[in-house]
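First comes the structure, then the notes that go with it.
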Amino acid sequence: MRHIMSPLDLTVEEMDRLMDLAADMEANPKKYAHVCDGLKLATLFYEPSTRTRMSFESAMLNMGGSIIGFHSASSSSATKGESVADTIRVAGCFADICAMRHPKEGAPMVAAEVSPIPVINAGDGGHQHPTQTLADLMTIRTLKGRLDHLTVGICGDLKFGRTVHSLISALVRYTGIRFILISPEELRVPSYVKEEVLNPAGTPYEEVIRLEDAIPKLDILYMTRVQKERFFNEDDYVRMKDFYILDEEKMKLAGPEMYVLHPLPRVNEISVQVDKDPRAAYFKQVHYGMYMREALMYTLLELGEDQ
Amino acid sequence: MRHIMSPLDLTVEEMDRLMDLAADMEANPKKYAHVCDGLKLATLFYEPSTRTRMSFESAMLNMGGSIIGFHSASSSSATKGESVADTIRVAGCFADICAMRHPKEGAPMVAAEVSPIPVINAGDGGHQHPTQTLADLMTIRTLKGRLDHLTVGICGDLKFGRTVHSLISALVRYTGIRFILISPEELRVPSYVKEEVLNPAGTPYEEVIRLEDAIPKLDILYMTRVQKERFFNEDDYVRMKDFYILDEEKMKLAGPEMYVLHPLPRVNEISVQVDKDPRAAYFKQVHYGMYMREALMYTLLELGEDQ
Amino acid sequence: MRHIMSPLDLTVEEMDRLMDLAADMEANPKKYAHVCDGLKLATLFYEPSTRTRMSFESAMLNMGGSIIGFHSASSSSATKGESVADTIRVAGCFADICAMRHPKEGAPMVAAEVSPIPVINAGDGGHQHPTQTLADLMTIRTLKGRLDHLTVGICGDLKFGRTVHSLISALVRYTGIRFILISPEELRVPSYVKEEVLNPAGTPYEEVIRLEDAIPKLDILYMTRVQKERFFNEDDYVRMKDFYILDEEKMKLAGPEMYVLHPLPRVNEISVQVDKDPRAAYFKQVHYGMYMREALMYTLLELGEDQ
C-alpha cells in the first residue's frame, strides 16, 4: 500500500503515467464511471479548503464512488482530544482511501504511518500540497505540450507559499527548466530551497523584483496569492500586497503563448480583466486538478489491473 | 444556458409545465431515478439553510445524481477572500448545476453572469427565493386544483419577508386573484410592491390588522415568521411577534378548504395544535418543494429530450 | 413503523438476529450492495460526532443508499428557532430513515413521536447510545463466541458514561454475566443503575478501585474515557484522569483472551503501545459498529422481505 505525502513520492515516469491516465479520464469519462462502485473516499479536512475538497470529492464521484468525512476541525473528533492516528484508523474502518488536510506540517505523515488505507496529503500547513503540483504539471504539459525546456516565472510570496516550493521541486527533475523568481526581497524563496533543490539539480534561476522585467522572457507565469495570514504585521501586508498585480497592461508584455497559472483562491493579484485572455489558465488548472486526483486515487487503489 | 434568479424568470406557461413535470416525478419516481446518473449538483450555501439545502440535495439524489458543496461561509473559500464569481467558476469545473444561497442580495446574479453551469438562486438576503415560490404554487395548485380565482391571505411580516414578495409577484399573473394583507402597520407590504406589482397587474388587495377579520374570506392563508433578525430593536420584536399567532380558535373561523401554508421554519406563529388539522399544508409544501426543485433542475439541465 | 431509542427497545432474540445479519453483511457485502438503492438516510447531528456519523453514513452507502443532513446545530434550522419535532417532519419529507444525535436527553424521543420515518437515537446527552451498545455486543460475541458466562470489567468514568449504563443494561439479560466495576469512588456507577438494573436482574458485581486488582479475572475489559467536560472542576479532573490508564505493564496481568474494548475517542486512557496487542479490540468495535448500524437500518426499513 502506498501513500502520497509529497510530489517527490512519485518518480518522473509515474507522474507521466498519471498525466496520461488523467488525459484518458477527461477524454473517456464513461470508461471510468463505475470503477469505484462500492468504494468510499474519506475527506478528513482539519481546516476548510472548499476547492481542494470538492476536487477530491468530484474525482471520486466521477468514478462511481462515495464520500464520507468532515470539513473542519470543529466538526471532527479532534475537539474531543482524538489523535490524528486514531482518526485515520477509525476512518480506515469505513473508507477505502483518504485525503487529509491539516494545518500542522507532518500530520498526514503521522496518519500514513498507522493507516490501513492509502492516505493522500491534501495540504499540511506550509509544507506540501502534492495534488496541487500534479494539477500544475498537467496544466503546463497540456497547454505547452511538454514539461521540459521552459522558462517558468514564479511571482508573489515565494517565502511562505507551499505550492511554490512543491512546484520547484517537481520541475527541477525535467531538463532545460529555468526559473525567474519574482518577489519583494522580504518574500524571496528560502535559502534551503536554493541549497537543497535548485543548486543540486543545477537548475538555473534568477531573482527579480519587478514583474514587468520578467514577463517578456516567460513560457509560464505562476502567480501566487500574498496570504495575509503569513505576514507579521498589517503594515507589511498593505505595503507589499499590491506590488505584484497582473493586469492587462502587464499581459501586453508577454508572449502569445505565455500561460498564466495560479493555485487559487486569488484575491486581487490577478485583475479580473485578465480572465478573458486566452492565456489565463487558472481555471483550467482546477479542471485538470480534478482529473489528476482521479488518476491518483485510481492508481493508489490499484484499480488498473481490473480494467 | 439558463439561470433562475427570480420566480418571474419563468413564464406562466413554463411554471405550469414545471408543475406538471413535478407531479409526474412524484407519481412515477422510478422513471426519473437515473436521469442524472453521473451528474453533480453543487450546493454553495454561504449561510446555513438546512431545509432548502436538503430539498435540493434530495431532489438531485432522486434523479441518481450526486452532491458536492459547502454549508456555510465559514467552510467556503470566501474566508480566504475569494469572490463569488471565482467560486462559481471553480464549482463549474466540478459540477453540472448549482444552487446558491447567499446573505447578500444579488450575489447569485453575479455568479450567473460568469458561470459555466446553470445557477439557481436558493435565496439571496431579503431579495428572492424562487424555488420557495415554486413550492408554494405547486402546493396551492395541488390542494385547490387551480391557481386562479383565489382569495389569498398573507399574514405576518410583509415588509421584510422575501417569500411574500415573490409569491405576490407570481400570483398576480393569474386571473381572479385577490389578496388580503394581514400585518401590523409597521410591517406592511412595501410601497414598491404595491406600485410595481399589485397596481400594474390590477390585482385587488386590502390591508387588515386582525387575522380574525380576514380568515373567513380566505381560500389560502399564507403565514410567515416574524424574523427576529429583521427588527431594529428587541422591544419592537417582543411587542409584535405574538400578534399573529394562528391557533385552533382562529381556525374555527376558516372555511373547510382554507389551506394554511408557511415557508418554514416556524417558531410559534402557528400553534402545534393546528398541525393535526387537515387544512394544515405547511409540511406538504416541503414535500412539493422537493419535486419542484427536481423538475426545475431537470429542465435547466435540458434532460427532457433524452427521455 | 419502529424507532430505536434505547438498546432495550430490542429483545435478546432481536439482538441476536441483528448480529447474525451484521455478520452476513460483513461476509457478503455484494449481497447487500443495492438493497437501499433510491433510499436516503438523514443524519441530523445537533452536535458533532464524526465517528458515529461516518459509521451510519458508511452503513447506508454500503447498501447503495444516499445521505442528507447536517453535522452540527450551527448548520441546522435550530438556530432559527425550529423545534426538533418540525425538523424531523421536514426531514421525513426527504429521507426514509433518520439517525439523530442531540445534546439534550430525550430529544430523539420527541422526534420519534411525530416522525413519519424511523428514528434511531445516535446519542442523546448522557442518556442513551443504542448503536454503540450494538457495536459492543457484536464485538464481544465475535471475539469470545458468546455473550453469556463472561466476567466483564468496566473501567473509568462509570458515573457519567452513557455507554457504560447502556452496556450494563444490555448484558444483564444474558446468563452468567458478572461485572467488576473499576473506578474512583467519586465516579462509581450511580445507585439507580444498581437498584433498577443490576439487582433486579440478579447480576453479581463488585466495585474495585485499582485496575490491576481486576484485570487477571476478566474476559472483557471495557475502558472509558474520563470526559473532561463531565467534571465539576479542573483539579478533580487532573487528579483522577491518570488513575486508570491501561498500558503494556497492566496488560501483562491479563489472560491471553481478555479483549480490551473502548467506545472511542480515547485520549490517553489506553497507551498507544497497547494498540499492537492482539487483545486490543477497540478498532474492531468501529468495524463491527458499521455492520450493526447497517443491519439495524436494514431491519427498520423492513427490507428483509424483499430479499
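Every chain is named by a letter (A, B and C) in the order it is written, and numbering of its residues begins at 1.
Convention: a contact is a pair of C-beta atoms (placed from the backbone, for glycine too) under 8 Å apart; a residue touches a chain by one contact, two chains touch by 3 or more.
Protein identities per chain, from UniProt: A, B, C = Aspartate carbamoyltransferase.
The structure displayed is predicted, hence computed values, not measured ones.
Contact topology of the protein chains: fully connected, every pair of chains touching.
The angle of the rotation superposing chain A on chain C, based on CA atoms and rounded to the nearest 5, is 120 degrees. With centres defined as mean CA coordinates, chain C is found 40 Å away from chain B. Multi-chain contact residues of chain C, defined as those touching 2 or more other chains: 71. The touching residues of chain A, when paired with chain B in their complex, are 29-30, 33, 48-51, 54-55, 57-58, 61-62, 71-72, 225, 227-228, 264-267, 272, 275, 283, 286-287, 290. Contact residues of chain A toward chain C in the complex are 38, 40, 42, 66, 68-71, 74-77, 79-82, 85-87, 89-91, 93-95, 114.
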